[in-house]
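Next come the structures, one after another.
Shared between the two complexes below is subunit A, which has subunit B as its partner in the first and subunit C in the second.
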Partner chain A sequence: MRQKELKLVVTFHTTADAMAMEKACKNAAVPGRLIPVPRMISAGCGLAWCAGLENRAQIVGLMEQTGIEQEELHECMV
Partner chain B sequence: MIYMDNAATTMQKPPQVAEAVVRAMGTLGNAGRGASEASLGAARVIYETREQLCRLFHGEDPRQIVFTSNATESLNTVIGGLIDPEDHVITTAMEHNSVLRPLYACGQTGTEVTILGCDEKGNISYEKLEAAIRENTKAIICTHGSNLTGNLNDAKKIGAIAKKHGVLFVLDASQTAGHVPVDVQEMQIDVLCFTGHKGLLGPQGTGGMYVRPGVQIRPLKRGGSGIDTYNKDHPPQMPTALEAGTLNGHGIAGLNAALYYIEETGLETIGNLALERMRRFYDGVSRIPGVTVYGDFSQKDRCPIVSLNVRDYDSAEVSDELLMTYGITTRPGGHCAPLMHEALGNVEQGAVRFSFSHYNTEAEVEDAIRAIREIAE
Partner chain C sequence: MNLSDSKKKLALAGIVCGLVAVCLAIYGNPANMAFCIACFIRDMAGALGMHQAEVVQYARPEIIGLVLGAFIISFATKEYRSTGGSSPMIRFVLGMIIMIGSLVFLGCPLRMVLRMSAGDGNAWVALIGFILGVGTGAFALKKGFSLGRAYVTNKTGGMVLPALMVGVLLLSVFTSLLKSSESGPGSMHAPLILSLIGGLIFGAFAQKSRMCFAGGIRDVILMKNFDLLTVIVGLFAVMLVYNLVSGNFVLGFNTPGVIAHSEHLWNILGMYAVGFAAVLAGGCPLRQLILAGQGSSDSAVTVLGMFVGAALCHNFGLASSGTSLNPETKELVAGAVTTNGKIALVICIVVCFVIAFTNKRKEA
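== the complex of A and B ==
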């Protein structure tokens, strides 16, 4: 198994929200990727956006700007 | 073969549609089921297609675009999920059975349904529509364009009437999506039902609806959603609220390619070309003695449809003659619009429907005119 790192993990209500997030981040060149939701997080959608902690402000701003509703925002080892 | 049954389904599609379906079948997984590239690939193309449809219909949010298998499923979802026994609903004699039959079923549980009649040209009266609104009217549910006459309803006018009286407006765009501009915000549409395989040039088994943010519809189907596994209820968030089970990702990939083709070619270009073919055909056949054409051809915008009969001949025989002698594909008989046939007085005879696409050529239209002339002799 790969070594885990502390990351920002954003969960969503629906797959459509997760896909909107991926697209918004790609368009804004914000790094990160969609991952399966880790089991320590209780989430609706099975997909989560995983990014470096340093991108937090950028990601939160982007979600506000594009109207993407997050379910929860976590910092966890993934 | 000359294909003139595009109101049933467009058979000639841009080649990239079939290519996209074949590619999807070899590369896409199940959207929203895991984060593999295969699954994400399906989720990406599905989300992108929501965005395309949102642009096409000028919606507010791609997440308000729901995928279904066709317009019939969309209409059953919205009628079953919005209308209660104590409600009153207004519809028209122009409707397809995909509107009428779900409403008749509501009628059996107490819902009052007013069906507005049509004049001899197949048009409704907007004054009568407004006058039919009652205190308990929940919705106006009607077609944008008749699948039999090709006549359009003025969606903007109906939307304004619905808004004025606080009534929901559900529009069936089965015959207009891809041919006629539809702007859900300008037309004040609450729910728009569409199919993917007609004017939108996508594969059969694709369709959907736009739902205005805030409109709550009970789901027709409940089941796997890829989200909220341990919840006993189906998730309420759009678009998942109205989508259960594996989406037709392969078909939606084809629809995606078709929508790019429409964006690149221009909806207006496609619609006008089909209308030009229709008008030339109408001008040619309407002057032939013994030919009866149904509908209102004074409308500038309409669906590219011409339904007709020749003398008192059985429409099935005429359609068969067109196929066997001239190689022209049309649809005869009843067209799943029983009240429209009643209004036009051709229940027994049915009608031969020619429905055009921008792929039809001028030469094909001339051949079809000549065929009707010879049959009518």
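== the complex of A and C ==
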């Protein structure tokens, strides 16, 4: 079983924003993956973007550049 | 208690919900319909006089309990959040589509799983349609489908549906205003207090585990994540054991008394519409009730759409009939999908495609 690690988790207002983030990250070769929003963050059932903490600046920059609006940035065990 | 930090706990949530369904079946709910969101909303719509099908009218306390269970647990654990404003009228239509698809198939995704656990081949056939429907919805999500974001609203906004449910409960206990079937599925029910407690428990566990039949398959398709599906597997396992032990497991297609039909194409298309519409609306019928309980006015509107959809199904002859035994001749009478139901279902699927591919995320 995969060990849980402290990760950067970006939540969004809509599932479409999360899907757009996946596309933008793929195009810009920014590492990360889509995950269900961790239960400790929300009772909702949307999608979130999960990446290493070291990618924070890159991810924030990419969201500014592409106009993808985050709901919140979290650091949590995933 | 965090129910979602391991697959074992998620499966446990499914098992608890399965046990609730078992208890309700033992104490009087219709066989093979221990807990069906679509059927129970249809019964409630009948109790409120929204349709006149005399055999399916009863204010199901399970539905009231689900909403209140989610409301109470979310409030107690500070997860209640009043939100709204994400294309409410489109969600209303999606609620209607979910109900029409369900009543052509004869059950929501929850009942489909319960029927599968009892050996009903028709439910296994319908599962194909449900997976394809969820897959189509997931494809639309990948293509940028969005109904827009929800906004935080006045705290009381999200309390309206729970309050309405309390109102229906009070009417059913203290007055004779609501209609109640004297025969047929609507007349078969567990005692009110047991149904209510069952609904509360189911609602609380479903809220904590985020149980969702459409979401479970959506997450597998989009992320290869099996967490939500684990809850469903737990529920299925309990019901399978119960059906095997109690002798209710009957493998076959034309089983009388199950309230099902064997028109395979329409079973597939019925659940296709449900799966498709559920992904677009952000959750299966059960999940819509839970989200409404934890404060989403958007989901509450979807629930209202389901009520109206149920009424239309019986007022316009869209609901299918189940296979049964003729009590006099003892001959098998095959259940059937009505012509009106077929036409309505095709329209519903077309509408799903229109909604899915005309509502796009706004690019910055």
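Methods note: the second predicted complex is superposed on the first by the 74 of 78 C-alpha atoms of A that agree within 3 Å, B and C clash if a C-alpha of one lies under 4 Å from a C-alpha of the other, contacts with A are read in each partner's own complex, and residues count from 1 in each chain.
The rule is short, and it goes like this: a residue touches a chain if its C-beta (ideal position, glycine included) is under 8 Å from a C-beta of that chain, and two chains touch if they have at least 3 such contacts.
Remember, it's a predicted structure, so these values are computed and weren't measured experimentally.
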| item | value |
| --- | --- |
| Subunit B versus subunit C as contact partner of A:Thr66, first or second or both or neither | second |
| Which of subunit B and subunit C A:Pro36 touches, first, second, both or neither | both |
| First, second, both or neither for A:Cys45, with subunit B first and subunit C second | both |
| Touched partner set for A:Met19, first subunit B, second subunit C, both or neither | both |
| Residues of subunit A that lie at the interface with subunit B and also at the interface with subunit C | 13-17, 19-20, 34-36, 44-47, 67 |
| Residue ranges of subunit C in contact with subunit A within the complex | 2-5, 74, 79, 81, 86, 141-142, 144-150, 207, 210, 212, 215, 219, 222-223, 225, 227-228, 282-283, 287, 291, 294, 360-361, 363-364 |
| Subunit A residues within the subunit B interface of the complex | 13-20, 22-23, 34-36, 44-47, 67 |
| Of all residues in subunit B, those that touch subunit A in their complex | 31-35, 40, 43-44, 46-48, 50, 61-63, 226-229, 235, 237-240 |
| Residues of subunit A that touch subunit C when the two form their complex | 13-17, 19-20, 33-36, 39-40, 43-47, 66-69 |
